[in-house]
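Some structures to go through are shown next.
One chain, subunit A, links the two complexes that follow: it is found with subunit B in the first and with subunit C in the second.
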Partner chain A sequence: MRKARNIAFQTLAALCAAASFGVLALILAAILFRGLPAVSWRFLTEQIRLVGADGGIFFNLVGTLILMVTALLVSSPLAIGIALTHSIYLQSAILRRRILLLLYLLNGVPSLLFGIFGFILFVKYLGWGKSWLSGGILLGMMILPTVTIALVERIASLPRAYTEAAAGLGLTAAQTIWSVILPQSLGGLVTGSLLGLARAAGETAPIMFTATIFAGAHLPDGIKESPVLSLPYHIFILAQDSFDPSVGAKVWGTAVVLLALVCGLSLIALPLRLRIHEEARNG
Partner chain B sequence: MDSVPGKPQQIIEISGLQVHAGPRQILRNIKLGIPGHSAFALVGPSGAGKSTLLRCINRLVELTPGLRVSGEVRLHGRLVTGPGVDVDELRCRIGMLFQQPVVFPKSVFQNVVFGTRHHGRVHRRDWPEVAERALTEASLWNEVKDRLHEPALRLSVGQQQRLCLARAMAVDPEVILMDEPTSALDPRSTEAIEELILRLKTHRTIVVVTHNLDQARRVADWVSCLCVRDGVGEVAESGCCSDLFEKPQVGEVAAFFRSASRYAASVEGPVTPGATLE
Partner chain C sequence: MASWAFTLLAGAFLASLVAVFVWQGLPAWRQAGFGYITGKQWFYRQQIFGTLSMIYGTVAVSLVALVCAVPIGIGAALCTAEFLPPKPRLFVKVTVELLAGIPSVVYGLLGILFLRDWVYQALTPFDPLSGDTLLTAGLLVGVMILPTILSLADDALRGVPALQRQAARGLGLNRSEVVWSVVLPQAAPGIVAAVLLALGRSLGEMIAVFLVVGRQDNQWPESLASLRPLISAGQTLSSKLGGSETNIAYGDSLHWAAMVNLGLLLLAMVTVVTLLAFRLLKSDRHA
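Let's turn to the complex of A and B:
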């Protein structure tokens, strides 16, 4: 009886795993099957022509990269500051829990609300119009919880002995943080950022009213009124025209590139995380 | 009889030291004098507060949240407890060696000069010299001189512990605190550390916590035994090593010595022939 139940449970678990892998495989297969033929060197290096029916996605790719690098530059210092405050400076367990709670709340905010917030603050109130900077800041805020929590977990996993050994040598608290705690928890920052960016790269909602347009933008040359093109918004707009077969091919091609970018980031993040953990244990 | 008698030149004087963890008291009214240029052993049953007492001397207790310390610790007659003391400066003068070697995931060389480089008193170009002197003092130079730039974590545990000692000495402290420095080590490394203590105590002051009474006998000149009374650690008896081990005056101390030697015999007795196999 117990054995039968065990087998039933194992089968059920295996079925669930198979079902989710099946869905994933179907999506991947569909995108690759239709999109790969559209991807070529020209597709990656030419700019958009004929309202997306011809040409490539060069400036979309560049725009998405600009947004992601900005998001990284915005989120990293904030994440380091919050993580140090949480894990080192704050003595009160209640305040520490509150910070974590806030981060989880921030993580749960729908991305559309980030877009609306950005629209009100950057586009309207600060009068930036559509700008790569507001998009980068919003994406940075979106990935902030992922990055910070990865860093907090990393700092928590550092042996206390390191801090004590450094303090025992007469290092000041700042020196200990700078030369012992930060270098050893940098891995958390890197993997957290990569995972966060992998998610942010595909977001449309936060950037569609604030940072990105469909056509006619190149490299930004300032902050005000300097939007960028981007991959997800390109897909979003073109998908509405995709009954035209030449446009359809471009949509799928763009999807392949976005997918490659996102999977690439996750794939770098995962082994890196494992390797850094390994190093932390064995040197 | 609370303080060490008959030795005028005391580098460290502890008086009225109390440590509380929340409502619970850990150490009560500790009074101790530690003479310079000698080795001072702290012995006593596990949980008596030896580590805590040791960490009060360089104020490392303050890094543990929830511990409250009151009372006085003086170094060369100058108060080092209380506000207004440069704690980082104090910890430069009082080095520390832990039970488990704590090497940073860096090279051997980077580990040795780790404290030195942060104090900024020695020019970068002189670091190699500092490293060589400290490693030589820790009897490690010959073993690592060709692998200074290899990761320190590749050294054996015994070598790592001597590396930690070298790292502490590179800062040139006058006092070195050691918390059961050999309890994680093999017999050979233990012997190396004990020889080092004997050599170092000619020009530095060593305070060593140990659960091994034979070790205390071998390396220390002075010894203080902590005991637990109503759940709180106290100094039961202090004195010159030979006197105290021969004729402990306090009943608890005598009882502790008896049980510790019985324990040592039961652990080491049958194992000894194989234990020193190399």
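Let's turn to the complex of A and C:
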């Protein structure tokens, strides 16, 4: 009886794992099967024509990259500042937990609300109109918790001996941070940023009201009224009239490019992450 | 000093986000009062703003998603964390985490081109109007949160020290009994937190839901226990706020306030869920 129950339970768990894995593999296969034929050099280097039914996605790709770089520039300094405050300057456990709570709450805010907030603040109140800068700032704030927590975990896993050796050499707190802690925890910042950017690249909701349009934008030449095209918004719009077969092929092609971008970033982050996790487990 | 300034800046950002939603939404509370939450009708031309039907839509979609994803996700996490040898475990975990990063707009695309038709065909005996239903949205969100639940529940299970498993095995318990009597009780808070974080995501999910939910206003069910409304089109707080009505509303302060308040309701729901999850997570994890 015990034995039967043991086997039944393990089988059930294995079935669940197989089901999850199967569904996700099927999704990946469906996207690649539909989209890969549409991806070509021309598709990546031409601009959009015939409302998405012809041409390529060059400026969508460029726009998404602009948004990602801006998000990176916004989130990195903030993440370093918050992580240092949390891990080095603050001695009180209660205040540390407050900062963590702030990050969790920020992480919980639905991405659509970033978009509406940005619409009110940047588009209307500051009068920027649709601008790449507001999209970049919003995406940067959105991924801030991911980046910061990766950095905090990395700093926490640094061997004590490092800071003790720095103190023994007579380094001041600022010198210790600059020459020991920051260089040693750079991996955490890189990992967190890659994961965050992977998320930022695919988000539609924060930028649809604030930064991106469907057609007619090239490179931004200022801040006000300078929207960009983007990959996710392109898919979002085309998905709504994807019954035209020529549009259908293009939208799947765009999905493959976006997916490659997102999964590529996560894959680069992977070895670093595994190492940090193992260190955390053994340490 | 800069570090403190940046921390304050992040805090100020969150605070001003909340403040802007509260402030811009005030006119709607003044006009409708609690009727804003308890009213079932939304006709903006008549300035009738009741959100109960949308709250129902949001809750229904999230519940369907949880019902689909929680048992399978936790079962799969048990398999990866407790029963699989290290190498396959790593492979499954890495693949699943990669898939957790698939953008919601890609899920929406899959929903619009596959799931919608499948749901319509499967429901033919019940004579649905189309494949755009609350059920479709719920299933889609369920698939989206599956990797989140799997990954976070796996983390929670792996957090239980191996020594305790070995001790229980030494007492003669078999692998399943170890899981039931030693691992699960200790990992329970972490698993519940995983489910709550996934719930938070599904409440706020807009893009994927928007594309398959049908966006039909005022779909208040006659009976809350009835499943019929699930297989008809509906509207959620987020699909409403993400729709074109947001662009129309700007300029009419009352209508705009009513729209912004949808965001405030969403924020309130998600914040409660996040706070619960945060309390459950071990306090010393990052300290």
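FYI, the second predicted complex is superposed on the first by the 268 of 283 C-alpha atoms of A that agree within 3 Å, B and C clash if a C-alpha of one lies under 4 Å from a C-alpha of the other, contacts with A are read in each partner's own complex, and residues count from 1 in each chain.
By our rule, contacts are C-beta pairs under 8 Å (C-beta built on N, C-alpha and C of every residue); 3 or more make two chains touch, one makes a residue touch a chain.
Here the structure is a predicted model, which means the values were calculated and not measured.
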item	value
Clash or fit (per the criteria above) of subunit B with subunit C on subunit A	fit
Angle at the Cα centre of subunit A, taken between the Cα centres of subunit B and subunit C once the superposition is applied, in steps of 10 degrees	110
Subunit B versus subunit C as contact partner of A:E164, first or second or both or neither	first
First (subunit B), second (subunit C), both or neither touched by A:Y104	second
Which superposed partner A:L95 touches (first subunit B, second subunit C, both, neither)	neither
First, second, both or neither for A:A201, with subunit B first and subunit C second	second
Subunit B versus subunit C as contact partner of A:I120, first or second or both or neither	second
Contacts of A:V69 with subunit B and subunit C, given as first, second, both or neither	neither
Partner chain(s) touched by A:P77 [first = subunit B, second = subunit C, both, neither]	second
Minimum Cα separation, subunit C to subunit B, after superposition on A (Å)	14
Subunit C-contacting residues of subunit A that also contact subunit B	none
Of subunit A, residues touching subunit C in the complex	2-3, 5-6, 9-10, 12-17, 19-21, 23-25, 27-28, 30-31, 77-78, 80-82, 84-86, 89, 93, 96-97, 99-117, 119-121, 124, 141, 144, 149, 152-153, 156, 195, 198-199, 201-205, 208-209, 232, 235-236, 239-240, 242, 248, 251-252, 255, 258-259, 262-263, 266-267, 270, 274
Footprint of subunit B on subunit A - complex, ascending	91, 159, 161-172, 175, 179-180, 184, 279-280, 282-283
Of all residues in subunit B, those that touch subunit A in their complex	58, 60, 63, 65, 88-93, 95-96, 98, 100, 102, 104-105, 114-115, 118-119, 151-154, 164, 167-168, 171
Subunit A-facing residues of subunit C, complex	2-7, 9-11, 13-14, 16-17, 20-21, 24, 71-76, 78-80, 82-84, 90, 92, 94-99, 101-106, 108-110, 112-114, 143, 146-147, 150, 174-177, 179-180, 197, 200, 203-207, 211, 238, 241-242, 246, 250, 260, 263, 266-267, 270-271, 273-275, 277-278, 283, 286-287
